[in-house]
Amino acid sequence: MEAIEKIKEIAAQAVPAAKIEIINSTPAAQQPALLVDREHIYAVGKFFKEDPRFQMDFCSCVTAVDYLPKADKSGCIEVVYHLYSVAQKQGPIVLKVRAPRELDQCRVPSLTPLWRACEFQEREAYDLYGVKFDGHPDLRRILMWDEFVDHPMRKDYVPPPDYEWEPTPHDDTLQRAVEEGGIMPPTAREELEKAKKK
Amino acid sequence: MGFIGKGLFEGMVVTARNFVGSYFDKERLVTVQYPEERVQVPENSRTFPFLVFDKDSDPVASMRCVACKICEVECPPQCIYIVMDRDEKGKPQQRPKVFDIDISVCMQCQICVEVCPFDAIKMDNNYEKSQYGRFDELVEHLPELLKSNEFYNKIKPTEATAVDAKLKADAEKKAKKAAPAAKPAATAAKPAAPAAPKPAPVAAPTAKIAIPDDAPFTPEQRQWLSGYLSTVAASGVAPAAAAPVAGTPAAPATEAPAGNWPWHDPGLGMQRRLDLAKETPIADKLMAAMAQTDCHACGYDCRGYADAIATGAETDLSLCLPGEAETANMLKKLMQEAGKL
Amino acid sequence: MIQPLTDAKPYTLTPGSNGVIETQTLEVSIGPQHPSTHGVFRMDCVLDGESVVALKPVMGYLHRNHEQLAERMAWLGSMPYTDRLDYFNSMTNNWAYALAVEKLAGIKVPDRAEYIRVIMAELTRLLNHSCVIGFMLQDLGAWGTPLLYAFRERERILDLYEAVSGSRMMCNYMRFGGVRVNLTDENLATAKDIATRFPRFLDEFEKLLTNNEVLLARTQRVGVLPKELAINAGISGPMARASGVDYDLRKVDKYGVYGRLEFRVPLGDIGDVYDRYYIRVLEMRESIKILQQALRDIPQGPHIAPEVKLRNFKIPPGDGYGRIEGPKGELGFYLVSDEGGKQPYRYHVRPPSFINLTILEDMCVGHKVADVVVILGSVDIVLGEVDR
Amino acid sequence: MEIAFWILSAITVIGAILAITMRNLVHCVLSLILFFLGIAGHYLLLRADFLFAVQVLIYIGAVAVLILFAIMLTRHVTGTEGPREVLGGKWWAGMGTAVIIAGLLWAIIRKDPLAAMLPAGMASTSVTEIGRALVADWLVPFEAMGVLLTAALIGAVVIALEEVIRKR
Amino acid sequence: MDQVYKVAPQLLKFLSYLLGWLPWIGKPVAGFLSNPPAWFLLAVAIAIPILFVVSVFPGIFAYTTLVERKALGRIQNRIGPNRVGRWGLLQPIADGVKLLTKEDIVPRSADKFVHFLAPVIAVIPSVLLFSVVPVGAGLVPVDLNIGILFAFAISTASVLALFMGGWASRNKFSLLGAMRAVAQVVSYEVPMVLAAVAVVMAAGSLSTLAIAKAQGGGILNVTHWFVFRPWGFVGFILFTIGAMAESARTPFDIPEAESEIIAGYHTEYSGFKFALFQLGEYLASIAMAGITVTMFLGGYNGPGSGPGILGGLISMFWFFAKLGGMIVLTIWIRGTWPRVRVDQLMSFAWKVLLPMSIVNIVAVGMWHYIAIRPIAWVVTTLWLVLWFITLSKLAASENIEKREYRYAS
């Protein structure tokens, strides 16, 4: 595998319109990624898959990361693809694509047409992060049930008050369980309420 | 190959051999008749944690736990709940008043054992913990949790021997260190080693014990706690042990009321604590750099250790065990900033 | 161009197009409570008589948001939780997570620890493969006999695990930079004993199964997965190799000390259930070879890198992906560290059994309902890992 | 014997009536099986053991099961509750048919009692006699029947296959 | 029944002798019994076989389940039931009590009447089957001259119960199970009957007693068993396979394949109805084993069997020993083999078993017409072996291939 700068150059030549940026991993991991804009991620992916120098035929891992807005920069949801080549036994090429955090704008093109491996993983990213993958053949929730409303892996997700009573009173969850009507045995509820009155 | 059915026939030979073998060959019949027969569990086998104490005569006083809450913080499923014991003035004692482990939540990962700096919590190998209830029955409290060091030596001889040796070496080292450091007046009164006997519990009975507002409790817990402490104090259960044990110091020098240190909360992060202590004298800043567990791993409580450093009575900056290197580095930095180092 | 997408549409199970199916089809929900879905897993099948015309896997019944749990605790805190992913192979799960963290933090693992890890991983592979074959035969209706033989052998391996790590299944054994406790000579002797004994068990197992005509008739040319689809769908592990995909991370990445050990990677040609069964048998035989080499070569030395702290372990900001060849396939961890670095900002598991399920429908359509459970059994899923 | 005859007759008649009046198709067939059983019992009463076995084997074991199998593959098995109106308003046609058949039967039996038609000893040694009759005396018709049935079978297979091929 | 009718007066006399000691009613009862009227004799003669069948065979069923569980356990390197009584001997009773006290659940949308009727009907044919099984020399509950045919006729009726249970439960798995059961039982009937035809041709009678009698004699009453003839051996295997399929035993247990369709037609049954289904199934299986023994394994014949009290007892011993052997064989197979698929089951029945059973009938013909035994042995054996090889090659070519595996370089 060439150095990441070289790869970026090759990809930029192949898809001239694409805006590609290099993002570094931890110093030790040595897995720098290519951040591609939404419009061209499909083309770049297709290039890496089909180009004889890379032949990235194996899309190993697809996931999303939620970056909350910070003081200096706005937040985003980042979808990460780890590509490997089975044919040439090389990799990874890490592709990243970013979408705004707002649910209605949070959409990126699906790479499922390129790699079937993305089918379930993109569904998972949709389910847990609310990223809509345009062109996905069957974009439904996969881990959460169909009636579930929110996307639980987002960093600003607030779990609903369906706390199941747990005997260790080690934090304020117990308090919440009383106030919000979590699931607990009636005896425990009585005791808690008695203690509260006192 | 051969005729069709040969493989089927060979399979039947295999099962027949196993059928017969199960009557004669112990290798084939691995089942044991459980309640009557038991498999010897390996020494390393672990189930749920217990707390080690050293002296059979007084388990509570001789328990190794100092309620530093490291395990509570590190426990992945958060099944440990610790309330530190305090005397009537609200001064922390070096042991837990409440130590609960919810074994319905505990996942037997033994991370609490690994992180404990005092070798106070160890893994049991008793797997027969079934109960008839789903809730309170599955919470183990201090009395059930306390097991003697002999018991520990019995179930895990190799490990316990090593632990004992280490504790002994530590104690000796501490003792040696304490001897030359005994010159300054402030330190002389401080307890010498964590392994030394703990200060006795609450002395004089008082009518009402109020839990300080900054103690890490929910209002409800606080209310309950203060009520409980008051009753304990009033009924005079504790005073029996009031006579000072050898080596037990008198009350620490810093008798300032346990209050008005907003950073004195182990739940806060280092940065947050330092922020809270921004406009305060150096001693308070030093205190804020500590882990706030009042675990006495250093030989003081957090206040005392900070004062000792500030006055120059204590020069070793790496004594805060719960705070680990983070605290040590910060202490060094603060001291450098204050120009004392 | 971003194509506009209508909201997630409710899916319907009307099979085929232009009136291919005329007779009344039967929609059967196999699972979530079903003897051979290996847990709480559901397959919505449309049957034409006994033949499957459409099948949708439905999962998530065991979803516990493992990733979010991990994002709320320190790096070490997730280690015992990885045991619960694929509860058959906690050792390899530990390794995968430790490997990913070591990759991010740049920790060098001592040699002895690497060898211990290889020993444990290969024992896990033996354990997993033999049990999977047992479960598959259970699905085939063999009344648990092969399964219990596999369990009999697994028992010895689990005893070793307990002696080493303290627990039989939830080992929590690996640490960043090594393993938690060193192997004693006694443990090594036990492992050697297992390695010498296992081939005998495999011979017996094969005699019971490999030439069994019923098994052959039930598994050959059933659930065929072509090589191209296997690669494209990200299938990994024995399942991919049964389809002829030459991709074994032990050979490709040479992580740990696999580069120093000699072994071969068996490949199938057809990719049906029988190939998946037999590739596992062959892999077990290779694993025994690896075990013997590792037990022979294991050096003395520390079992854990001394500089790695247990508490307040920190990783510099950035991300990284570490993967190993688990018994079920490529098990990877994608980790992101934030400022502070005391806990993962993002923690993602790439579970092999989840991704291997992608092509379940492709493999099942056209076969009988009895084959569906066998195909599922040959995929080798553990719901703890699928649902996380 | 007399009592057995009446009981069996009652079973037969009730089975027959239920078979045509039940709403639920499956119940109809189950009633039909009851009817077949009654008939089989009559055979047994007449000491026609072989016929009894054949009745059970073929009518219950094969015919009824085939009907059930066919019903099971259809969509609407159950109707609403209550007896069904047989023949609509044309009950008189059915009654007329029944009366005519009963009359004919009565006339035939009166003229030439069945007992007289049977060869002596036939009733008791059924199997051997039947076997001999089928493959010795009536060999040609028997074989012809066999060929006919085989042809019918092949025809059915061809029709079914055509359906399958057309689907593909 | 005829035999019982003959010994009934003696039996009653003995009984009257016993009861004569009783006060009050002893005398009149003894008088009545020692000189019984004809109708009472008949009633007793009818009642005794019925009582025998109804008490002995369910008992065998109960302990078959225990033996099955024990043997399967040992095959799988487990211990098996051993908690209720010594060696788990009271386990069947505990099971019975458990099933009796369990809640009887009927699905809300089920066809209640048919759902109720199905387990009842499941038991009746199975019990009736025993009426033609000779358990000892001349000891058969009813010596029908169409015994074998009767057995087949009755056993087909059992499929009705499966159908009713599966259909009435209104459960898709039940329905699938019922469909499988019906298809399976109907198709396996054919090769089974044809395999029996060979025996009937050789014995020259449909009566089970006559067939058993025909296998007596020879060295130690053993050598004349039909299983020791080429056609008999093949017939035995064919019939055993057919019987196992008919009673849905592994590897033909697809109507209740637990890994595929939960429990098939009895998915929605619980408590005692479930027990009745099991009872019917096991009884049918045992009865089929009994008929197999009668037709191929010499029935009650064995060293020492014969008429008279002692011979009769020995013959009973041999019958039950062989029956036990057959039961153990089915258990052994159940512990070893996987299950076949439904289409394979069908194609096996129609493409292998059916031709083979027809071939077997031809072999019996040859045996009958070749007077010199050694030649008959050679010719029939050759004929059967040739056909077997051809058919197995044909069957194997469809499904089974030999594979070679390569290693990545």
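To keep things simple, chains are lettered A, B, C, D and E as they appear, and every chain counts its residues starting from 1.
The criterion applied here is as follows: contacts are C-beta pairs under 8 Å (C-beta built on N, C-alpha and C of every residue); 3 or more make two chains touch, one makes a residue touch a chain.
Worth saying up front: this structure is predicted, and the values here are computed from it rather than measured.
Most remote chain with respect to chain A, judged by CA-atom centres, is D. If each chain is reduced to the average of its C-alpha atoms, the one that sits nearest the average of all protein C-alpha atoms is C.
Chain centres here are means of the Cα atoms, and by that rule the chain farthest away from chain C is D. Per-chain Cα centroids separate chain B from chain C by 37 Å.
We define each chain's centre as the mean of its Cα atoms; on that basis chain A and chain B are separated by 38 Å. Averaging C-alpha coordinates per chain places the centre of chain C 45 Å away from that of chain E.
If each chain is reduced to the centroid of its CA atoms, chain B and chain E end up 68 Å from each other. Chain C has residues 145, 149, 152, 208, 212-216, 246 in contact with two or more other chains.
Each of the following residues of chain E touches two or more other chains: 75-78, 175, 335-337, 396. Residues 24, 26-27, 30, 33, 49-50, 52-57, 60-62, 64-66, 68-69, 72-73, 126-127 of chain D are the ones touching chain E in the complex. Across the complex, chain D is touched by residues 111, 114, 144-146, 149-150, 152-154, 156-157, 159-160, 163-164, 167, 175, 178-179, 182-183, 186, 189, 206 of chain E.
By the touch criterion given at the top, residues 24-29, 31, 33, 38-39, 57-61, 63, 65-66, 80, 82, 86, 89, 92, 94, 107-109, 115-121, 124, 126, 128, 132-136, 138-146, 152-153 of chain A touch chain C in their complex. Listed in rising order, the residues of chain E touching chain B in the complex are 71, 74-79, 82, 332-333, 335-337, 388-389, 392, 395-396, 402.
Remark: chain C residues 73-74, 76-81, 83-84, 145, 149, 152, 155, 159, 162-167, 170, 172, 180-181, 204, 207-216, 309-312 touch chain B in the complex.
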